[in-house]
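As written, the chains take the letters A, B, C, D, E and F, and residue 1 is the first residue of each chain.
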Amino acid sequence: MADVLAIGAHPDDVELGCGGALLAHVAAGDTVTVLVLTGGEAGPGTANRHQEQRAAAETLGVSLRWGGLLDCSLTPDAATVRLVEGVLEETGADLVYVHAPDDSHQDHRAAAAATRSAARRLPRVLHYQSPSTLTFNPTVFVDVTGFLSGKLVALKAHASQVELSPMVEPDAVVAAARYWGSQARIGYAEAFVPTRMVLDLAPTPRAAPAARREQAQVVAERRAVPRDLAALLD
Amino acid sequence: MADVLAIGAHPDDVELGCGGALLAHVAAGDTVTVLVLTGGEAGPGTANRHQEQRAAAETLGVSLRWGGLLDCSLTPDAATVRLVEGVLEETGADLVYVHAPDDSHQDHRAAAAATRSAARRLPRVLHYQSPSTLTFNPTVFVDVTGFLSGKLVALKAHASQVELSPMVEPDAVVAAARYWGSQARIGYAEAFVPTRMVLDLAPTPRAAPAARREQAQVVAERRAVPRDLAALLD
Amino acid sequence: MADVLAIGAHPDDVELGCGGALLAHVAAGDTVTVLVLTGGEAGPGTANRHQEQRAAAETLGVSLRWGGLLDCSLTPDAATVRLVEGVLEETGADLVYVHAPDDSHQDHRAAAAATRSAARRLPRVLHYQSPSTLTFNPTVFVDVTGFLSGKLVALKAHASQVELSPMVEPDAVVAAARYWGSQARIGYAEAFVPTRMVLDLAPTPRAAPAARREQAQVVAERRAVPRDLAALLD
Amino acid sequence: MADVLAIGAHPDDVELGCGGALLAHVAAGDTVTVLVLTGGEAGPGTANRHQEQRAAAETLGVSLRWGGLLDCSLTPDAATVRLVEGVLEETGADLVYVHAPDDSHQDHRAAAAATRSAARRLPRVLHYQSPSTLTFNPTVFVDVTGFLSGKLVALKAHASQVELSPMVEPDAVVAAARYWGSQARIGYAEAFVPTRMVLDLAPTPRAAPAARREQAQVVAERRAVPRDLAALLD
Amino acid sequence: MADVLAIGAHPDDVELGCGGALLAHVAAGDTVTVLVLTGGEAGPGTANRHQEQRAAAETLGVSLRWGGLLDCSLTPDAATVRLVEGVLEETGADLVYVHAPDDSHQDHRAAAAATRSAARRLPRVLHYQSPSTLTFNPTVFVDVTGFLSGKLVALKAHASQVELSPMVEPDAVVAAARYWGSQARIGYAEAFVPTRMVLDLAPTPRAAPAARREQAQVVAERRAVPRDLAALLD
Amino acid sequence: MADVLAIGAHPDDVELGCGGALLAHVAAGDTVTVLVLTGGEAGPGTANRHQEQRAAAETLGVSLRWGGLLDCSLTPDAATVRLVEGVLEETGADLVYVHAPDDSHQDHRAAAAATRSAARRLPRVLHYQSPSTLTFNPTVFVDVTGFLSGKLVALKAHASQVELSPMVEPDAVVAAARYWGSQARIGYAEAFVPTRMVLDLAPTPRAAPAARREQAQVVAERRAVPRDLAALLD
C-alpha cells in the first residue's frame, strides 16, 4: 500500500490530469492526498470553487489539502517549495503526481517546478497532462477503463469550470483517455511522463520514507568507492 | 505474478542490461524467460558461449531460449519479427525487456526494432542500456541494491567476455548501477527507457493476454464513438 | 490548387493517417494521388485488399497508384527510392504525405525513409501517424471536422482490416481526431510532423516544379556569395 | 485574408525574426499588427528607438502597438499575459508570431511564455529565431526570396542597433535566410517552430474568432462522448 | 593558455560539477576563476561555508569570487546577468562552466540562465551536472583520471555538505566519473553539455576577447552580403 | 598532433561537411586521412569522380583512401564496419569525422552507422552536416574564417557536382558557414554534433591508441569496485 500525493495548481487540475489513476490507487487501498495550491480565484465562477473541490475529493475518496496561494500568481520560489516539502513530509508520500513542466499556464509550470524541487529525493514523480500542456511524450500509463465514469463524476463536481471554461471539455477528456489507451495498448488510459519512476518488482516491504533513506545511507557507505580513493573519504 | 521475457542479441547482453531486474522478478515469484537471438559467434572466445549463457541463466534462475540467428548479421526483418512473436506467444509474456533502439551495434538496433514490432500490442516494453548504447534518457528504474552481487555472479559466468571483450567491464557495471541509483534516489539501480509501461495500480487479476484483448475489445465496442458517426461503424 | 501525393506502405495506411486531409484537399480543388507501395499480402483477409483500396480511393475522390512491392519486405533502398521519385515526377506533386519515421512496423519506417530520400528537393513533406507509430510530436494540423464521416466511410471500405486487424479500430480513429483537435484548438483534427513545410502566404502563382527550380537557380546565382570569395565560384 | 499579430520584446526583434513573412502577409492582403512589448530602454542608442520602430513599421506596411513594459524587466506574469490577451482580442488575430521559447535573453523567453499563455486557444502560433535563440529546430518556412530586400530596408530603420549592437548583423541575416532557404529547398526563407499550426486546406470562409469558437462548441457538444458515459455529461 | 571561469550557485557546486576539469586546466597552465553566486545560507551547516569554499579553491589552485547573492533566492534577472557580465569582463574568460539548465533547484536554473545571457557573445559555454540536474545528455567530456583524487580532496573541504547534505555523496561522485568515463571511452571523466563549444584546432594565437570581436567585425563587414543587396547595407 | 580520419559516403561529402576543419587540422600539423566509401557511381557526371576527389584531396593536403563500395548501395553491415575498422587501425586515428546519422540519403545514414560501430571505443567522433541532413543540433564548432576560401577551392575540384547536382550549391556553403559562425559567435564556422568528444585540456602527451587502451585498462582494474563486491570480480 502506497501513500500518494497529487498536486494541482487550481481546483479541477488533479481531476483532469490523474483522476482515474487516483481512483485506481483508492481501489488498491492506497492512501491518497490531493494538494490544491491556489483557490482558482482568477477563473470563471469563482464563488464555489472550494466547495466544488471538496465535493470532487469526496467522490474520489481522497483527502484534500489547500496550499492557500493565489491563482495566476504562483511562482516556484523557496516559499512554494517549502510548502510542498511540508505536505510531502506530513503525508509521507512515496509517489507524487503533478503538472507536466512544459505548459502554457504559468501556474502549472510553477507547480511542476516547485514539486520537482521539493520532491528532489523522492524516487517516484509522475507528470500528468492538462489541456494547456505543450510538449508531452508520455511513456507510463495507468489503465482507467474501470475508472473513467468515476473520473467524469469527479470532474462534474467542478460545475463552474465544465460550464464556463472553454479549456474544460468532458468529451475531450474521454477522447484523450481513449487515445492514450490505444497508445498504451489497453482500453482507456491516463498518460504520464516520469521525472523518475522506480518500479516495485520484488516483495520488499515498503518502509516509511525516513527508514528508506537510512537504509540507503547504510548501503551507500559500503559501496562504489574505489579502493585507492577510499582513504580520502573516511 | 508476471511473465517476463528478456531479449538480447548476444550471450551476456541481458545480464549486462537487466540482470538485476530479472533477479528481482524471480524473487517476486515471476516467471522469467531469456531469449538470446544469436550465438555470439563473432565475439572473442566463442567456443563456450552457449555453455556460459546456460550457466548464467542458471544462476539467475531463468529459462533460456535461443533464437538461432547469426552474430553480426541480425536484421529486423519479417523473419526475426516472427521469431520474437513466436516466443512472446509461447511464454505469454506481459513485460518485455530489450536493447535500447539507439545503439552503435547493428545487432542491438535490430533486436530492439524487431522486438518493438513483435510486441506491438503489448503494454509493457522496457529498453535497457548496453555499453554500446548511444542516446539513453531513462525514466524508469528498478532497485537492484539487493541483487547487484547476483548480477555480477551471472556476468562472471560469461568468462570469455569479461576477460576478452574491452566493452565488458564489471567495475563499470557497478559504477553505472550506483550512478543510476543516485539518479533514481535509491542505492543501486538499473535504468530503463519505456516504449510504453502500463503500471498495475489496482488489484485487477492479471488475465492471460488473449483474455485481456477480448475484454479490451468489448470495452472498445461500447465506447468513444460519437453518436452521429455511430451508424457508419455498425 | 496543389498536386498532392499521399504514400502508404499498405492498403488502409493512407486512409488512417490522412484520409481527412485528403478529403479537404479534394474539397479545395487540389489533385490528389495515393500511392500504395505493397499489396498488403501479409495482413489478415488479403483476398480483396486491392479491391478494398480501389473502393476507398473512390470514396475519397483520389487517383490510386500501386508500388507493386511486397508486404513486410519493404526496404528503403535505391529501387524503392527510384519508384517514389518516378511517381513524384509523374504527378508533379508539391506536397507529400507519408508515414512518420519512428514506427514499430518495418514497412512504415521504410516508406518514410524512401520518401524522404525521393522528396529530398521538395519543400513540403508531412508525416502522418499510424497505430504503430512511436514517438510523434505533431505541430501541424488539418481541421477535419467536416471530413471525419467521409474518412470513416473510406476506412470502412477496408472491411477486412476493420474486422480482422486489432490495430484498426474506428472508434480509436475518432478519439484520436478529437484528441488532436483539442491540441490544435479546433474541433477534430489530423496531426502531422513536417520534415519541412513551406507555407503559401503571398499570392505567388504556383509554377510547375521544374520551373520553380529554374527560378530558384537564378536567384541562387545572384546571391549570398561574399564578394572576396566570388572569384572562386565563377 | 488573415489577421496577423507579430510580437517582439524589443524594437527590431520582429523585423529580425519575421520581417520577410510579414511583408509576404501584407502582399497577400492580410492585416498585420506588430506589438513591441518594451521600449528597448536598455539597448545602445536608446534615444530614437520609438522613432526607429515607427519608421520600420511604416516600411513594412503594418500597424504598430506598444506594450509599454520595461526592457530587461519583462516577466511572463499575469499582467503581461493580460496585456497580450487584450491585443489579441482587439486585433482578432488568427495567427501569431513570437520569439522562440529557448533564448538566452530573459525578455525573449518572457515574451514567448506570455504569448503562449495568452494565445492558449489560438490554432496558429509560430516562433521565430533571434540572434540569441538557443535550441531551434524549425519545420515551417516562409519563402522570403522576394521580400528579403524589404526586410533589410526595415531593419536598416533600426539604425542604432545595426550600428551599435554586436548581435544585429545584416550580413548574418542574409546568410541565415539563405541557410534556411537551402533547408526548405527554396531560395531564401524565414524559419519557424510552431507551437501549433493549423493549415487552411479547404475553402472554408474564415469566420471571426468568436464565431469560430461557437461553431467548435456546437461540434463538440455533438461528438466523441461514449454512449454509456453520455448520461454523466448531460 | 586559456582564461576559465566556473560559476556555481552555492559553495561546492563547482567542485561537484567540474572540479576535475578545473584541475586539468590548472595543470595545463590556464588561469581559473571560480564565481560562487550565493553564500549557501540555506543549506545545512552554514557557519563555515565561506571558509570551506576558500579552502576548496585553494586545493584546486583557483581564484575565488563571491556574487554576494542569497541562497534559494537566485533569479536570472538583469541584475544577476550584469553581475556575471562584470566577472566575465574582469577575468577576460574565454571558456565558462556553469550548471545545466534543466535542474530541480531553482538557483541552479537561475545560475545557468543568467550565465547564458551574460555569455551570449562567448564561443565556449559548457554545462556541468549536479546531483539535482534533470535531463542531461552530455557529448563533451574531460578525462579526469589523473585528477579524481584532487577533486575528492576539494570536495572534502566542504565538510558540512559531505556530512550533512543527503545530495552530496562522494561515492556517487566517483561512480558518476567512472560511468561517464565508460561513456567517453576513457577511464574516468566529467561530462558536459555545450551551449556551444568552439574547438581550437589551428595554432591561432588566442587574442583577448575585445581584440577577437574587432577582428570578427572586420571579417563580417567584408562577407556574405549578396551583391544586389549590398547597397542596402552600406 | 592528432591523427584525423574523415569519412564520406561519396566524393565531395567530406569537402562539403568538414573541408574547413580538415584544413585547420593540416595547418596545425595534424595528419589527416579522407576515406571515401563509394565511387559516386550513381551521381551525375560520374566519369571523373575519382580524379576530382584526388584533386580535392591534394588541395586540402590530406591522404586519400577508397572504400571500394557502390554508390546508393551502402549498408551498415558487418563488412562495412570491418572496412572502417581496418582504416581506423591503419591510420591510428584518434578523431573521426563522419556524416550525421539523421540524413535522407541512405548511404549517408549507413556511413554514419557503420562508423559509429567501428569507432565504438574511440573517444572522439564528430558528425558533420550534408545538404541532405535532417535533424541537426550542433554544439561543437570549428572556426573556418581563415579556411573558407580553401574549402571552396577543394569543392570546386568536384566540378561535375558543382555544375550538375542541385544539392551542391557553393553559395549555400558560404551562407551556412556564416550562419553557423553567428551561432558559434565567431566569423565563419563548420558545425558538428558529437557522438562523444573528449577535450584535451591538460598537456598529456597523446599516446598511440593501443597504449591508451592499456593505460585505461590498468586504471580500470584498480577502481570503482565496491569493497564488498570485489571478491566476485577477482
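Everything below uses one rule, namely that a contact is a pair of C-beta atoms (placed from the backbone, for glycine too) under 8 Å apart; a residue touches a chain by one contact, two chains touch by 3 or more.
Worth saying up front: this structure is predicted, and the values here are computed from it rather than measured.
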Rotation, 0 to 180 degrees and nearest 5, that superposes chain A on copy chain B via CA atoms: 180
Chain E against chain A, contact positions shared by both copies (same if over half, else different): different
From chain C, the most remote chain by mean C-alpha position: E
Per Cα centroids, the chain farthest from chain D: B
Separation of mean Cα positions, chain E and chain C [Å, integer]: 46
Distance from chain F to chain C - Cα centre to Cα centre, in angstrom: 34
Interchain centroid distance [CA atoms averaged], chain E/chain F, Å: 29
Distance between chain centroids, defined by C-alpha means - chain B, chain E (Å): 38
Sequence positions of chain F contacting 2 or more other chains: 120-121, 169, 171-172, 174-175, 178, 195, 220, 223-226, 228-229
Touching residues on chain A, where the partner in the complex is chain B: 21, 24-25, 27-30, 120-123, 139-143, 145-147, 174-175, 178, 183-189, 193-199, 201-204, 215-216, 219-220, 223-224
Of chain C, residues touching chain F in the complex: 76-78, 81, 113, 116-117, 120-121, 195, 213, 217, 220-221, 223-226, 228-229, 232-233
Chain A to chain C touching residues, read off their complex: 131, 135, 137, 169, 171-172, 174-176, 178-179, 181-182
Chain B partner contacts - residues on chain C that touch it in the complex: 42, 72-73, 104-106, 132, 134, 148-149, 152-153, 156, 166-167, 169-172, 174-175, 178
